[in-house]
Amino acid sequence: MGINVDDVVVPGDVIQVPNENDKAKFILGPGLRRHADQILVTTSGVLRKKASNVYWVDCHRKRYVPVKGETVLGVVVNKSGDTFKVDIGSSEQASLSYLAFEGATKKNRPDIKIGDVVFAKLLEASRDMEPELVCVDSFGKRGKLGLLQEDGFIFTCSLNLIRKILNPKCTLLKLFGSEIPYDVAVGMNGKIWLKTKSIKESIGIGSAILAAEHLPNEEIIGMCNRVINNLKGM
Amino acid sequence: MCKVPPSWVLHYQIQAYKKMHTINDIYKQPEQQIFIPRNNRTTPQHQQTRQREESNARLHNGYSTHRRRNALHTTTTTTTTMCFMKRSKEKAQREQDAEESQAMFSDVITEDMKRGVCKYIIEPSFVPCENLTDGRLSFHGMNPEIERIMQLEQEANRLKVDVKEKDVSDFEMADRYSTLVGTVNRRFSTKRDHRNLQECDSEQRTKKMKFLKPSCD
Amino acid sequence: MKQPILSNCEKLFIVRAIAEGKRLDGRQMDESRVLHIYFGTDWGCCQVSLGETKVLAQVSCEVQQPKPTRPNEGLLFVNVELSPMGAPHFEAGRQSELAVQLNRLLEKCIKDSRCVDLESLCIMAEEKVWAVRVDVNVLNHEGNLVDAASVAALTALSHFRCPDVTITGEETIIHDPSERDPIPLSLHHYPVCVSYAVFNSGESVAADPTVIEERVSDSQIVCAVNAYRELCGLHLGGNALTNYEIVMQCANRAAKRAAEVVQIMKSALEEDANARAAEKSVGFAKCIQQGKVSALSQKQLSLQLDTSRLRDEASDLVQKKKKHISAEEEVDEINSIKGKDVGELSVVRVGRGSAELLPKQELMKFKEAVTSVARVGDGGESQWVKMESENVSGVKADQEEDSDEVPSSSSDVEVIEEIRCKTKKTVDSIDLSGDSEEEQTVVLNAADMEFSSKKSEDKSTSGKNIRSWYPMKQW
């Protein structure tokens, strides 16, 4: 009995990939690993496939495991020497050098306090080492990364929801953007930072984002419109 | 070598000793252990190291051969130290290193890894798999800096899409084709037509470029 | 594991929101989360959920020698256990500051208020008494553990039954539950903890704070109050209060809330007793609910807008769906296949922020639950009028004695009698009837019932009837 794409899989399942072309390479996403010549499933979820050679397992997750290159939201919990310790929701706190900011030098340190929220990229993430964050790209430019303002609000959700709202097919964030001025940072670690002009709007958008978890994309639009009407009506 | 007494004798001896001394005392006075055979009298530490060496040699048999080869090398050290032998010495060193590392990781490295062909690329992140967008957005001027970057990205995306769709855009094609129409027409036209055309052109041109004299005869 | 620190923006946001009178989960400032009480199959085992905060309490007893200073009194121990199950930063096996505080508060509330009649636990003076032990386990910590723990402990105590004992001369026989029915503990009154979080140095007070509100607040006030508005304990935590009026306000509000909580508790106990009497299945299986719809009504949603209009629209949407489904059913009927699994769906609104879609057969069950959760005072009164019209004088006389025990739905006189007797027998301890030492209790009981039923209309008049040492204040 073979496993097809969009089937439910459990750890230990073996996946057969079409083997007609030896040269073709396969990309194994999260939840899959290669053992000898087999592809094994390591988490339970739904097997997904994209563009004939990309496979991954879509699973429900709440605990973040750092992955190199992902952008995350973290709370600065400690300053020690020349690094900040940042809580990104993983098993270990990540380190963020004070030099990893745009225009930072040894003399000119970034003004960051304990309890501040940063939007940063994971420079290093492996099982055996402390994850390392940076707030600049390879050209030393800040881009979209950096310290987030204090007058926002941060809340946590499941990692699935993050993937759902960041999917190009999901219009939730843009839908709100067309009606309400707001500023948002979505970290792959299940944290969302939100800044609007009023408390009510923050709570409204936040609740809409959280409610989107169990709604299909078509219904999300309706739900958003209701929330927007509600916010505008009062 | 002195005669080994039967074990029970040894036992009684030790029992008798225990009455007088503690076990530690016995160890402090090795001369009194006359009944213990000499080849057993090596210190425990010494025995341990020897055992370890043996087991090591047994564990990876590459180890002992490597030692033998090392000995061979030492005979030629005098020649290799010479300047002109430097390269071959390096080579030998490299070979030796490779062999050593292979011996060390022989159980970890599989055949596939040696061949260096792997059909699979591991991608630990969902971002490329699901084409996730960047999670930093701003709307209606809440954060002008982010909005500027977003706009730039959008434009870049649009250009990329355009390029992907057609190598030559419609306008460009039409432009090009219209000029082509002219040149092809000219080729098939008679001389008279050509001249008429030129005159027509020249009339138009004269308005702009007055300093050029009409070249007609 | 250490508790993750709060970011500055969370703190700032909460403080700003509270200053505007808004809360993250869309509650009003003096609104509590929904309280549910479920019973296990054992006596004295109950689980209380206050929103997403869940607490389990289990009562056990053993025979011990009494203290020499109080030779004819039983012993009561309260023990609160915080395990990593409740929150990742709780450490197992180590008494944290919070655990000690909780323990002490519960002792204050239950032990020091002398709500359990310890003398009735005496088997033989100076030799043998019952030692009753309440173990409270925190299953999930989402704020306001004190309230949940106190309700759980108290409900478990009133649900608990001690084995019957007979003394024949020198011999003491402890009867097995199969031999003789175990005896419930006698409780004089029901003190419950009600906690408040104070923000902006006393400008705003939030009832039933969540974790984040607890952490951001300046100070916390915990009042242990019983249904007769008697203050049994008071705890002030955090920064010192500069405003004494807040304490008075909180005590007043807590008294109101305590009456509600005791009503919920009583009806839950009554329901359980009825279920046991009818030999229906009891146990924690009940707390697993099925058929959740409507993403906006998820209980665990930490952010919620207070949008009743939104909810109405959602229910409209579900109504439409219902029509759709019933149309389908008609088609089914034509094909002579009754779609039982589809069932008829209808929307039930359960408290705030949650409309639920339930199949028809479950709906009946659900409605029962809802009516029993609703204030008994209201239902009882309307029922009472009906009885009068039927001219059942004998029952009426009985009812005047304990008006709070009116059965919720029945027209047959005999049946009413029966149910009433049954409830009285099994739930004797929660019935605040005349066997308590204080004579005033009965009077106050009636007044209290009146208060809870009519509180919306005439607060001030009913307030005068109620014994209180502090002036009644309008909220």
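When the chains are written out, they are named A, B and C in that same order, and each has its own residue count from 1.
By definition in this document, a contact is a pair of C-beta atoms (placed from the backbone, for glycine too) under 8 Å apart; a residue touches a chain by one contact, two chains touch by 3 or more.
Listed by chain with UniProt protein names: A = Exosome complex component RRP40; B = M-phase phosphoprotein 6; C = Exosome complex component RRP45.
Everything quoted here is computed from the prediction, not taken from an experiment.
Taking the mean of each chain's C-alpha atoms, the chain whose centre lies closest to the overall C-alpha mean is A. When you average the Cα atoms of each chain and compare centres, the chain farthest from chain C turns out to be B.
Centre to centre, using the average C-alpha position, chain A and chain C are separated by 40 Å. Averaged C-alpha coordinates put the centre of chain A at 27 Å from the centre of chain B. Chain B and chain C have Cα centroids lying 63 Å from one another. Residues of chain A that touch chain C in their complex: 75, 77, 87, 113-117, 148-155, 193, 199-200, 202-204, 206-207, 210-215, 223, 226-227, 230, 233. On the side of chain B, the complex with chain A involves touching residues 110, 112, 118-143, 146, 149. Listed in rising order, the residues of chain C touching chain A in the complex are 4-13, 16-17, 20, 22, 24, 26, 295-296, 298, 301-305, 307, 309-310, 313.
Those residues of chain A that touch chain B in the shared complex are 22, 24-30, 33-34, 36-37, 39, 48, 50, 54, 56, 67-71, 119, 143-145, 162-163, 166-168, 173-174, 176-178, 180-188, 195-197.
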